[in-house]
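For clarity, chains are labelled A, B and C in written order, and residue numbers in each chain start from 1.
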């Protein structure tokens, strides 16, 4: 492409993509307080929960290369700056100034923040203050379930009331489940009897800690779907695929959700499959098969860096175009909030321009689909 | 590519592909009688068996965009015509005239028609009358099994006789199984004893309807393979992968057929794996591993539209080139019969031209492989 | 690309890749003694263990086309020579002269030879004599386990002593397991008790032959990992994915190794996942998740021929760049030793040049990553 000069149609599409305001429908806070180089580099590896060995470097990855290529210029460094120079400059500026430069550059109009795990990250309010746009809250079901179990009392009632109360208190726009990390999706998805829930809650009260009981996890998801049915809005996000090594990745193939999706409670429910790598084609199938199933390929976009273009292109296969969403799933360094948007804009522009230049789509088609994924679909789904 | 002007080698390959007569080795009838817009739009979603919600549109998909881009001009509309204009023009012309324009443009010399599900579609004879070329019949095993069970009597004998009689009566060229939709492939594939078949048939006679018994489904497949061994020809087609949401897509990974394929009855049998998405690479492996296994990526080509090129390219990996086939799997609107061919021609041309321009293949290699997939392989396999 | 003239950056990267000395970290001997055309053609199909039917040709595959395109000129034939001409010229030259032309052209500085299956192939010493560079030995665990079982005596002691003695005797640089072919990866990976090993060894002594007992296979792998922990170096190679049809390919998804990898014995162990097709993205995930996990996409590169570029590009996704290795997995015809290298050089150059031309990587990044995969990573891992 470069050798043959700029393609005016590709440039037109890319130009529009660069300025489109986004809904980042699944994100976490960023850091505003300084930390060590170790904290920063650990945040560049999603899957490994241990520190890297001496001979390795978190920068020698697609994500590390993408940070050097695309974030360095916003910190006044040349593109492709060396890791040491990048870290030194980042330290000079401080975490807060890094965020002040990178977050607004993401061009996000609405941040839907999963507050279920915060670590040292900022609040949704702070995120919007620094990054611009509005922030809304997504509630993580398992956190509420663990709170309800710890509170004692009658679990079914406590959980249902807590879920509803927290939804109101935070004006939450949706729910998130990390059952992928707890049991994976190959569980019994049928409606548990009240007695079975009571019994499981009693049993788990003696265990405590991180909820791993499949029946209680299923109950939480079903309770959230029932609340969605009653109140409208409040889509349920599933972590799917790529994540840290605690999970059995092969048990997060979204096709294992079929028994749940075939249940009348879920068949037309509003659902968002997050990340999905390497099962993005299976997720696209479900988005065609069930009217309420949406998906994104966030998180993986950052980790694939220069290779994310082909992932984005693959997400444009079976999934209807009104079912695709944008997310960064960024957590911690503001580089992740920025890169998610920046790589999505460029990769989407390239994928759409190629469809147009091959005659499959019109330019107007490309622009409209870009709008849908950037924000229109999310605004409808989350009733923003 | 476009920015740098036409590549003469790519143009040469594309030109040949545009005129190559095809064997569409797995197809259904098209509509010749007018229907509602609902019927048309439902036919553009393979996986969802419910109507779409108000906020969605069947046109906002790769298939919808491909219809607007590629079929509109054959109905005297500009490429990328809007959905309403397309539907209006289609209504003016009538279903029969639409078929008269689109079917012959597919350039198919032989249609191998699965008559197992007809709905409002035309007969094989009508398809060939309108579309040109010849039509031959492929018999769906499960339909015959259900007829034999309903007929009562001694099931093993009734089914075997019905299979043979129907093969003769229709001069059928092959068989098709939809076990993917019934149990998936993770079943016991061993030869059932006669007593076990008798017992299962007795049991199922009390249930009736859509055959879901794995032992009887396995018996049907084994009976068809035995008839193939005795008579020659008569390859057995398996629906694999992408289809409607009744199936457990992950239980249609063709690798789950390995226990059957290792059985002496099947190891050298003539088998065609249909569609295969998203398991086309696994299907390619089986085509290398077993001398009788063939495959296509039909159906998915239509649904991937402008993205089908990369699927076609991936089908050219492990599978030996004499094992690849063309199908549309079209059912209903003649757009599907035409697009299957048109997208296959363009996607294959692009994949082959890229192999040639990178020095991996000669132009003669590309032209020969195009001929193999377009018709030569199917003519050998089905003894046309 | 071709139509728009050579891209100087791509040419610079390709030029460097063409001359980079490689460590082929998993390879077998080549033939130096003449054989039949049948032997040659059978060696071009990895998965099928039977001869091909009359109507098929081993040359009508991506591998066959790659041999005609890329090896023919080294035998003084034009590129894309016809199969008969190729075979005739090959016969004129003789197996030994073919090897003398093709092996050195692979540009390999170190051959790590799996001597577990030799057939008519040459020794590691002969391979290095003809091909240049040095050869080192990789020991196949299952061969040693079968020897220890056949030897009788106290199995646990016999196997552990044999493993250590053979490691010393051959100055072996690593181990290889083919458990993929024996049971697949979905086994109980926990530490067996000594009594259970003794009992399993007694039981298997009555069976003999090819070791298929999961407990004894697991014991062998754990014994090798314990020796690695004690001695340093000695990484363990796993055959993963694509291979002959004896294996259940779906049971070689490397994610099924998670229970082993989470065991303290393996979590930081040096491990190399070989081949990995079609699970290369899952293998990349494990390379990010576990500090000692490395991978290559060898074997599949040869079999994908002109399509291997996209496989190589996909291997550059989640896997950190210090975890990627080069191998040919060649066995038999020297074409495979040469093509593995030649296709890897060209495909890697293309993948890297595309990342550079799209602005994701600097030229220096590309050159450094090429060095890492070509040899630096393997030299560290195997302590060469």
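Note that in this section a residue touches a chain if its C-beta (ideal position, glycine included) is under 8 Å from a C-beta of that chain, and two chains touch if they have at least 3 such contacts.
No experiment lies behind these values; they were computed from the predicted model shown.
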**Study point:** Interface residue identity across copies chain A, chain C - same or different by half
**Key:** different
Revision key, fill the gap. Matching the CA atoms of chain A with those of chain B requires turning by an angle in degrees, to the nearest 5, of 120
Review point. Chain A to chain C: how many Å between their CA centres?
Key: 36
**Study point:** Multi-chain contact sites of chain C, meaning residues that touch two or more partners
**Key:** 1, 3-4
Exercise for review: Under the touch definition given earlier, write down the residues of chain C that touch chain A in their complex.
Suggested key: 1, 3-7, 253, 255-256, 258, 261-262, 267-268, 281-282, 285, 288-292, 313-314, 316-318, 320-322, 355, 357-362, 364-365, 369, 372, 380
Check your understanding: Considering the complex alone, what residue numbers of chain B touch chain A?
Key -> 1-4, 45-48, 50, 52-53, 55-58, 60-62, 65-66, 69, 79-80, 242, 244-245, 248-250, 277-278, 303-307, 309-310
